[in-house]
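Across the two complexes that follow, chain A remains constant while its partner is chain B and subsequently chain C.
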Partner chain A sequence: MSDYNLIGKRMPRVDSRSKVTGKVRFTADLNLPGMLVGKVKRSPYAHARIVKIDTSKAKALPGVKAVVTGEDTEGVKWGVFAYTRDQQFIQMEKVRYIGDEVAGVAAVDEETALKALDLIEVEYEELPAVFDPLEAMASKGPLIHDDFPDNINVHVNIDTGSVDENFEKSHYIREDTFVAAEESYFQAEPYAVVARFDEEDCLEVWMPNGGPHMKSKPLSNAFKIPLHKVKVKKIAIGGAFGGRSEICPVDYICALLAKRTKAPVKIQFTREENTIATRQGHSMIVTHKTGVDKEGQVLARETTCYMDGGAYSSTGPIATSVPFLSMEQAYRMGSVRYNGYRIYTNKPIRGMIRVHGRAFACGVDTQLDMIADHLSIDPVEIRLKNSRQPGEYTSTKSQVSSCAMDETILKAVEKSKFKEKWGKLPAYHGIGIGTNSVQTGFPMGIRGGSQAFIKFNEDGEATVMSGVVDNGQGNDNMLVQIAAEELGLLPEDIHLVSADTETTSSDPGSYSQVSTFVGGQAVQVAAKNCKKRLFDVAAKILKVEPDTLAAKNRMIYVKDDPEKSIPIKKVVRIALLNFTSVNAQGGYWPKVDMKREWVSNPFGQMCEAFSFGTTIIEVKVDPDTGQVEVLEATAVQDVGKALNPLVLEGQFEGSIAMGGQANLTEYHDWKDGRVLNPTMLEYKLPLACDMPPKINNIIVESVDPKGPYGAKEAGMSIAMSAAQAYAAAVSNAIGVYLDSYPLTPDKILAAIKKKQEEEAKQGAKKARVN
Partner chain B sequence: MEKITITLNVNNESHEVLVAPNDTLLEVLRDQLDFTGSKESCGEGVCGSCTVHMDGKPVRACLTLALEAENIEIKTVEGLANGDELSPLQQSFIDHGAVQCGFCTPGMLMSADALLNNNRQPDEATVRKAISGNICRCTGYAKIVHAVAHAHNPHQGCCDCNHKE
Partner chain C sequence: MRLPRFEYLEPDDLTQALDMLASHKEDVKIIAGGTDLLVRMKNQLLTPAFVMSMKQLSGLSYIKNHDDTLTIGAKTTLADIVDSDDIQEGYTALAQAAERVGAETIQHHRGTISGNILQDTRCIHYNQSRFHRSGRQPCHKDGGKICYARDEGDRCYSTYQGDMAPALIALEAKVVLSKKDGKRTINLSDLFTSDGFHPFSIEPDELLTEIILPKQKNNSKSAYQRLSYRSAIDYPITSAGVMINSKAEKIKKARIVVGSMSRAPLFMVKASETLAEKSLTDIDAFKEAAGIAMDNAGTFAVHNAGSTLEYRCDMTFVMVLKALEQAAGIEK
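On to the complex of A and B.
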């Protein structure tokens, strides 16, 4: 079906012109008259009781306009769920990680603000700290949060029943443990906030966000002011990757300083602050026990996962579930038991990240390869044997409607020549496959739907209002593309007002792969409603029935007789002269099971659609240095429908970098709760020269029955499957299944050495026998 | 520290600014002259997002003192276009989908522009090398590499170059 004007076309993004000219403003680029510089005083201890805070010297410093501590707050605790409210925005009693917020300062310039921070005297009484999740669970020391015994923040238990029976029926059972260190977002834009109270005492605030409405509600709670008095404003955002989805204590601190000083305040994070005081990925230890029949079909799986959650809950219940959900969507299992524990430690707070749960996902796939090895079947066959099929239910009872998982596997295999290469490549040269599935959203209660509003202007152009935020992935363009397609306008005829809590309705935010599916669809519905109004008017003028009409290139025309047409602009003007509104609204609410809850009831329809992705990677490993050279990447995803292949490919390629390449180098190093590599100098982000010279992007369209034009989500199941494919390829190259991520040269060299020693021993044994 | 007045020549215009000896060129460009196109991402010379040209050569403005930039032609991303007319490189970034969040884009453009000024038709390997001091977290670089390589040299078979015609 290519009778679309814009949908499915390679459309350059509407926001790119302002970005290539340097005109677009990010938060740190804002300069308001009279603006002060804000800075945050952070805890130097991983775990300590606050005995006393003396701000008098700081307050007396000339140029300091305000100093705030926990005493100045309303004491409202933050947590994503009612049962995870565990974080004060400014700590009063206790600090729980190195970097915890203890005070804020606003001053005339940065130098003065920094001096003031040094003049704030905080007396601490140090407490024993824990930095390892297993130690934290066993610790007899003071709890990190008094009401969470054994430092267990979240325990997700999922049991479909029949697990033990199915293990008994299994032909072959393996149990393996996989570990991964924490990685970080490293969004290009360091976090920043600008806040001011306007003449009506409304809080106006700008910051990178994964959904402006996720920011306004906690701010209204914290200040105890109505929601309409909090205006989170639209601003360009330099990447999120899951790390901008919640309120940040500094949003509140900045606003509080603005309130105290009656002036705009800007807080700009250093790169180090962005790493330690926004979010990080979870490190984890995962044990998968899997039982299969003779053909390699999974009959039973039992997974236990310990995640290092850091000092506070953040999105804990979601974070503990998603690694499991992605894999239960990707592969069928006869039965499964999952125990996921998110453990508090005295480390920075962990959130959801682009590859959420690399030990989990790489573990499932690596173990499948091990099983295939044992059964003498190839990695492709075992995947096809267990891959998700359309119409099925996942283990936790979500129905999967559109699903082209097998097609992604087969296309990737064909393009990469996997069959020709696997097992036949020279030494230290390997190829590996990973497959994954990602959900488009999850039940979010009253914020699960999105609503859009479209107003036609008298010149025949339109303003579209939507709560969807663009973090850099191209959501603004997606909304304009959909509106223009439906209304029969050109992209330049659409003015987008979005991600602004004063003017746009609430939306689920752009951190659960739901922006196109829900937010885009809301715009589509609004545009259809708006078009209907225009068609009613046009039909009268053209003397035809409204359902015979279509709109394209600023014209409304009769489908079977395109010569019979009228400009949209004219229809709008005639409608207005005839007292007819040409505006419309529309919304979309995914039909999910509202009773599904992460911990208390993890069963029921999770979301309406799931994406499926397969990545194949070919590598060469240098056995002397452990360095990995990636020769080629093949990324294939079932996206439902490609609204804009140009943007989609960009998501695939970015996913190969942040999902796959990152699995070679990205992790944090620690000493007593302190991150040793918080900056770009020490933390190794992929560069242009590190990337595979060739990335094959293949788009598979299963056309989802519920998605807008059939679309689902773009790129996330590539990011996840890329991490798995990198692990598989390196394992294949060195002939050792690696179980610790990322796959750094030291681990690769150690594995090669161990293997060589074992082979030598075997050789010696054989020689003796002979 | 005592401040001194210097003249900075940015995008062919002179500006008198009062700077402290430790003010970086990036701070002065952004905070005093409102050239906020140049970004600070790492602040320590690693990411390249602050890249500007000094006498045609790409430099990291976060590591350059404003004082060092006196009497030198400085060009920022705001100086790339000719009025409303984008440079071929800027247009190529748009057409090839090389811009996602756009935070790295100004620095990327300045590094790439410096390359193209010496070599109008670089191959992909050359481009990768030239932009290896610029970190992009969004794109995986593939589209950026194409945008630079094809900026003055449209490739047959590249659907995003054809798009331009």
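On to the complex of A and C.
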């Protein structure tokens, strides 16, 4: 039994009540006095040169307060890395996808702003556009970005050596290609931003974000103003899933309009804008060539991946690497060679998404099942034969400390009765397993660490300041829970100030699965430091040594003699009377290899912890329609330590929806660079009624030596492995290994028909022979 | 998304409503729930000067059982249709169709039978925002001369995706169209023009006020089947409404209607006729009819409703067969 009061307990989130009662405010709900409505003029062409922009008619329209174009900017280009700065916030020379920003308008109301957009005259010279990554590489047409030959945006090459030798030694080799269409996030909250300049010329800005500090720096660069003058404020956020990690051109456009008009401006995206002008998931074509020994152990693998990156770099180098990293974390490989290409096309910009690399991950596991099939071993055995073990190094030399991958596999197998069902289910019933691993953090240089501050108020309550942002996953609750645990307070005694660049220190943001590990740990360290100050004062009053003390339920007491105690509030007041402040700071910086770089040096310690997940899915396929009915899902993850099982179970179930269920229906449909399904009606986001009737959530705790209380990433390993398990289950049900995702009914039916035809042909052949 | 400006009309009764239609004609659009109209207006596919609400016309919300007919008021909600025992028992296809529209929580209570019948034809290239439709030539339905769904398409191939009409046409429904100085009753199938640009034969000053369902002689059973990728809030990509009229286990009359494959629900005459005098348990006959329905419907369909055209055609066979089997009482 743990000694924790709150850690590991099922605690309703601190923000639940305000969210379900509609009390909480999102960016779109903000209304500041004198606020104007901002709108963005977007390119209706996929690839075109801007010949001329005439804003005079728009400017003359009564009610229009400002019109801005690229001419009004400092011309700063954005890119996550110095070598990927390819995107201006308002295009001046060229547009590269349908939706690219060409102008912004601020007006007294929405109707006027929309009218003004129509009055902006843009003369374009259309250029040949490319929408397919392979075509883009071979295209003789004008490059999308002049300084990127063959439209190759990023090339990640990883080679551990000995790959060819190990293929020669292999008992069995397979090469298979897998493809997946692009998907979108469909955050519940469409993107919105409110900006104003205050009386000290500081920019105040509210928007959904994956880390406020990731927004303030590019804004300070773009306006060429110091960081302290950019105040990204806290606001409730309705989901990110990787799609809110960077600066968005409208953050800048909104701020520029606010600067021009000296008034607050709000830009609110339509659902369509949220789909086309934030980020999308990459579509990809992946070829895995795998060589195994007689027992099914992977000796060599060569993977080549072409990712459709869309019009700009975004997180390109990261995006091109992460699918590989998840694979090398989950599975041991004797040797591996990877060539990942992110290709520019004239399509919306692609970023990181919760299941990053459907074709990659599903391909790895599907091929493993094919190999197991060939060697007559079952899918569980081949995974256990290749699964990551604690203490090992990944192919790119990251040491894996805590790891309970095998336990996740075994528990999932047991709970789902996989062994009893595999190969024994009736026709068109299937069961499949997926396993994966997600990193807890990336190397982020000076922004890799987080710092927290805690101050006690005279009433015995504490204010916690942290840069961690909550964009839906429950980070606010996590910070409160940790602070209350350490300080011996109740959750309601903690006042959280977070995700505000004016009052909180830098933080890596909540998009690399690192918020608990780094940001939570910073709060834990600060709280421990603060508690020490309290104990020093209390020890004097209680006439004991500080190390004999503990804190719980607003009381400080002697561990061996709990009757001997004093309220925390009293200790705070006595401290203040004795000229002692009761506050502290603390920080946490993960020990990663700072020399590791995505493209130039992809070796070294990636992050301090890795999580591992296994999902098993059981399905029934309707052989007449190809439609899939999911009967049961079992999700098991090694999360290190579950700080709040209630929140984790929500994460697991959300992951089944977004990783698994989505792999049945979610994809974008196109016509000449136009997204044909930008809204929730046409894009088949699973609904509550589509979800499996039964989800078994099992938490495995390997207690990471570096994580706060042993915690590491939670949820994403389920999302990834769920996508794989859905693919495996459907393949198992129909007896065909599917290689194109999502697994829509038309593809499933076509595979069933093809199989039936082949069987009929073989039957006929046999009949002839007889 | 913002609604374009319009003047809102809210007549107190039918007479007033018909007066308003008579004076505003083409300039007025009727809102009978709004689940179709408002979305189109937000996309600026329509910018009517007037929007007339049927909110106060409570007299048009009823389900009445008569000797020879069952009549349904135009404003009756889908939820009321699902809940009606008379419809569940005597006109099963209609109840099944209503059940599958939109989501139980919203469209069933907001959406009305006439609103559903008169929902416009749809196309993934047309039912898009103004921004989406900019930067390219307008399509036929948008007032232009191009079809994005079919190469060289010389007319509009938008698809009628309503659920109620295929079921109602299978059930031989008639509709009453009222106007200021009179009314006419036509077969529901005649309400459809098969013109994607202008899918209904209703005049601008007419209001659909009532749906009339005849009582079938003999033993009559009906069923509706539809296919979509999601279990709710999803238009069908193909659907089938069927009615089988039988006596002593022999089919006397069958009506097969295929929806979501063309500009109008398709009454499959040939497929229906093949079933005459067939046994209620003759699965081969059902398969043959479904095959004919698939082949005939397939010639109308274009790739504009999601999924793939091949899949939608294949599924037309499955939907028709399933509906026939269900109506014939064959449990699978």
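The criterion applied here is as follows: the second predicted complex is superposed on the first by the 769 of 770 C-alpha atoms of A that agree within 3 Å, B and C clash if a C-alpha of one lies under 4 Å from a C-alpha of the other, contacts with A are read in each partner's own complex, and residues count from 1 in each chain.
Please note the rule applied: a residue touches a chain if its C-beta (ideal position, glycine included) is under 8 Å from a C-beta of that chain, and two chains touch if they have at least 3 such contacts.
All of these numbers come straight from a predicted model, not from anything done at the bench.
**Q** Looking at the overlay, does A:Asp669 come into contact with chain B only (first), chain C only (second), both, or neither?
**A** Only chain C is touched by A:Asp669; chain B is not.
**Q** So in the superposed three-chain picture, is A:Asn677 touching just chain B, just chain C, both, or none of them (first/second/both/neither)?
**A** Touch status of A:Asn677: second partner only.
**Q** With both structures placed on chain A, which of the two partners, chain B or chain C, ends up touching more residues of chain A?
**A** B
**Q** Is A:Asp746 touching the first partner chain B, the second partner chain C, both, or neither of them?
**A** second
**Q** With the two complexes superposed on chain A, say which partner A:Thr270 touches: chain B (first), chain C (second), both, or neither.
**A** A:Thr270: touches chain B and chain C.
**Q** In the overlay, answer first, second, both or neither for which of chain B and chain C A:Asp15 touches.
**A** A:Asp15: touches chain B, not chain C.
**Q** After lining up the shared chain so the two structures overlap, which partner does A:Gly472 touch, if you call chain B first and chain C second: first, second, both or neither?
**A** Only chain B is touched by A:Gly472; chain C is not.
**Q** Examine A:Pro44 and indicate which partner it touches, taking first as chain B and second as chain C; both and neither are also allowed.
**A** A:Pro44 sits against chain C, while chain B stays out of touch.
**Q** Applying the touch criterion given at the start, work out whether A:Ile98 contacts chain B, chain C, both or neither, answering first, second, both or neither.
**A** Touch status of A:Ile98: second partner only.
**Q** Taking the superposition as given, does A:Ile237 touch the first partner, chain B, the second, chain C, both, or neither?
**A** first
**Q** Of all the chain A residues, which ones make contact with chain B and with chain C?
**A** Looking at chain A, the two contact sets intersect at 270-271, 680-681, 685-687, 689.
**Q** Considering only the defined contacts, which chain A positions touch chain B in the complex?
**A** 10, 12-13, 15-17, 19-26, 28-29, 31, 185-190, 236-239, 241, 270-271, 471-474, 646-647, 649-650, 652-658, 661, 679-681, 685-689, 691, 693, 695
**Q** Mind listing the chain A positions that touch chain C in their complex?
**A** The contact residues of chain A facing chain C are 42-45, 98, 110-111, 114, 270-272, 624-627, 665, 669, 671-672, 674-678, 680-682, 684-687, 689-690, 744-746, 749-750.
**Q** Touching residues of chain C toward chain A in the complex: what are they?
**A** 1-2, 5, 39, 103, 124-125, 128-129, 131-132, 134-136, 148, 227, 229-235, 306-308, 310-311, 314-315, 318, 322
**Q** Help me check something: in the complex, which residues belonging to chain B touch chain A?
**A** Against chain A, chain B makes touches at 30-31, 34-44, 46-47, 49, 76-78, 80-81, 86, 90, 93-95, 97, 99-106, 109, 124-125, 127-129, 131-132, 134-145, 159-160, 163.
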